[in-house]
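Input: a single structure, listed below in structure tokens.
Chain lettering (A, B, C and D) follows the sequence in which the chains are written, and residue indices restart at 1 in each chain.
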């Protein structure tokens, strides 16, 4: 090999991953790429497209509920809308979004690795994901109609309804499989591919949060997988498992379902917490308060979060022992989340705060997630839950946690990392305007839900009594404001990717994690040399030198 | 010929070692083990359902299990355990560079899997002949606990059977890789992973056997 | 620590494998025989204990768990612990409902 | 706006208000601190950040205090719940049947009705039966709800404390007309209730075919 070609081939690996021309050209260079960064972008495009579909369905649901009955669609269409809205938002958007997009893109870089542990498996996960997602979309248009059971698929209704259940359940199963593969990929990456010197407690907190999340994914996803598979088997072969006419116990289905789907809430929220733990210290320009407490609380949430599933079933007539145990554990699981919220707030203390868009979203996350978490605590109390469960209160609660939490975490991540990913900066002024519209719209939309719930409005209701209308009208108006904010935000980000101001400096925001020490956008191989890590991720030693100077 | 090969080997020895160091077998096995946990918990979910229903319908489960052919069940256990042994030996033989022996043992493992499936087929067709199949009027007229027993039996044993078939396919691929020389005495992690999968299938059967065939 | 063990050779002898296999077959026979004897409620426990012993043998010997890094053993522990806790919590509902 | 018509209204509302107050306190605290810090330590004013790595006593405090508070909340919820699952021995028993998509009620003397009539100030225990899928028997004015599950008989009790007609909803999604699955509970004075019951019993005995059909 001559020196010249050697130099060329090295040069090829130093080119940024967006311009890289590998074995496959053009679109195939993306669809067949095993580069974690390109797969991250693939996920970003697909997840955000599904998000758009989910938002559209949610928008239509709100429009329908403007009047007590029959505004734009009939009850069957409405039932399908809220079911598919739930399935898309939960299984296809918020569960994968942060790990798959930002985990894929930044986890290896943050750990100082060139790729994830199993790059080809990573690509396979994406294909499984889009197959599952496409099946859900197809179910909307196929004859027979989309699933109309609610995203919880409760037996016996899910074995009785005539809609395309098998198709939908199979889709969720496939997506679950994709989720498991991503989880085991990340776990192996974190265990085996940290750069030399990066001990467990020198890992960025985002990596910690992904570690905890991946464990939940690997452990509990198979349980819902097998449960949904059994519903398919039950529908196709009339095998007696859950169906009460065949002797089954419908509550066992609920137990099995929530054994996954409650921890899924933590799969949803913990990565977003990781994002916040990155953003808050960077924009305060100081070290994070209580690194170890935050790291351990991620694991604590993962462990305890897997043990509280039956608090979704307080009204189902469980044994008193179960009610006691699950209510107690539910209250205790609130503690690690509370610790995180306090630590983030304390991180602002004595910082040098720049209120850039990512921090705005992060602070909104803390506020909205606190409301979500606190409304969750309210429902942990048994007698209050018996009143509030299955009402709009719980719909409000889930949207504050999932949208206010993970949604705003996602927006923070987008505004924090997109400039790094594409080397282009968005318009910060527009981003701030979009933030305020989104934030205000969000609260106008979802806060009335909490009031409606307290007033006894049952969820999943196409029709409602006239006394509830005023709150529904407020919420629907809120949905218009929220969608406007989202449109401005995403158009702003999209424009920035195409023709935003070029950014080439490595450290855009003054972060200290490894992704800020590589080129913008990153090169194909991430690092020319695997870095040697000596310090923790948020040391901000500069502060301490300056402090010493002052003392002198 | 052989001396020429060895000198060539000496020349490329250094990059070869580098590549070997770059390859992380522990990483591959860790991925495989994590995958096995998912599999374990997939069945774990079924075992949880089983335990609840057995607890609720103890006598019905016992009566229904009397319909099972204990001899075939025991035979299948022995077959699967033996195939696990041959799979472990196949990997060991490969480590020691005995390619021929390894190929033979892999074929033997696949044949054991096939024998297991044949037995399953005999068992199931027997049950079907008796009318103990999902959706049949005979089964539907039985007590609820027995319907559930057969529901769980077909689901769990069926899912396990699918795993046996998948395992056989994987080992068949390994066989091709071994013959083509893609699996070698110093790069056999694929074969190890296939072995791990096969042993997991064995472990699941170790639990299924007493839980369905030997209820007193 | 994990990196040191990267290239551990699994030098198990054929003989050991055959011994393990013999033990597994014997235990299978034992389960079948014990099932014939009526131990009442204990028979499930006995059958499961034997199954656990068999799985332990397969895990440690055939699957080489004993020479793997400690992380792997922790993983197994985590998975089994999760199942066990789920089982317990699940039965906090069922065992008390039947008892009522 | 929300009716107050049973013995459970006070305990549920009290628990709710206590927990909400604690929650609002923490929400305001966190929000106020965030806003204060953002203003006070803004980079324009505070050019240099100071590192505060952590503070163990503080961490312990904000772990222990919430633990105590949530244990207190748990206690409130649990005692309230215990009360709700302990019906008095002298309760009047009514069977509730749920099916897609209507409610029906059957009294112990065989009288059936589409609306639940109950006498005031007398404990009522309802046994919940489902004829098809999951439903949930929900009376907001009484602050009670319990799922109706096929193959299981759940129960619920209440002591009506105010005369009037209150909504009964199905709170567990059950298909196409789930949201139309309304019924009503009518709380009557004892004498009016007795009159109604006598009238129903009389009309039922005129048409015996109806009662046996259940």
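The working rule: contacts are C-beta pairs under 8 Å (C-beta built on N, C-alpha and C of every residue); 3 or more make two chains touch, one makes a residue touch a chain.
Keep in mind the model is a prediction, meaning the values are calculated, not measured.
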| Pair of chains joined by more contacts [C-beta pairs], A-B or A-C | A-B
| task | Measure off the straight-line distance from the CA centroid of chain B to the CA centroid of chain D, and report it in whole Å. | result | 50
| query | Cα centroid separation between chain C and chain D, in whole Å? | reply | 45
| Chain centre separation in whole Å, for chain B relative to chain A (CA means) | 35
| request: Scan chain B for residues touching two or more other chains and write them down. | output: 24, 26, 30, 34, 37, 41, 44, 48, 52, 56
| field | Numbers and ranges of chain A residues touching at least 2 other chains | value | 191-192, 219-220, 247-249, 251, 259, 320
| query | What residues in chain C touch two or more of the other chains? | reply | 2, 71, 79, 82, 86, 90, 94-95
| Chain-chain contacts as defined at top | A-B, A-C, A-D, B-C
| query | Can you name the residues of chain B that touch chain C in the complex? | reply | 24-26, 29-30, 33-34, 37, 40-41, 44, 47-48, 51-52, 55-56, 70, 74, 77-78, 81-82, 84-85, 87-89, 91-92, 95, 195-196, 199, 202-203, 206-207, 209-211, 213-216
| What part of chain A is in contact with chain D in the complex they form? | 75-76, 79, 148-150, 154-157, 160-161, 244-245, 247-251, 284-287, 289-293, 315-317, 320, 323-324, 327-328, 331-332, 334-335, 338-339, 341-343, 345-346, 348-355, 363, 366-367, 370-371, 374-375, 377-378, 380-387, 389-391, 454-456, 458-465, 467, 539-540, 543-544, 546-547
| request: Give every residue of chain A touching chain B within the complex, in rising order. | output: 117-118, 121, 180, 183-185, 187-188, 191-193, 218-223, 225-227, 230, 233-234, 237-241, 246-249, 252, 256, 259
| query | Quick one: in the complex, what on chain A touches chain C? | reply | 191-192, 215, 219-220, 251, 255, 259, 306-307, 309-310, 318-322, 325-326
| field | chain C - residues contacting chain A, complex | value | 2, 71, 78-79, 82, 85-86, 89-90, 92-97, 100
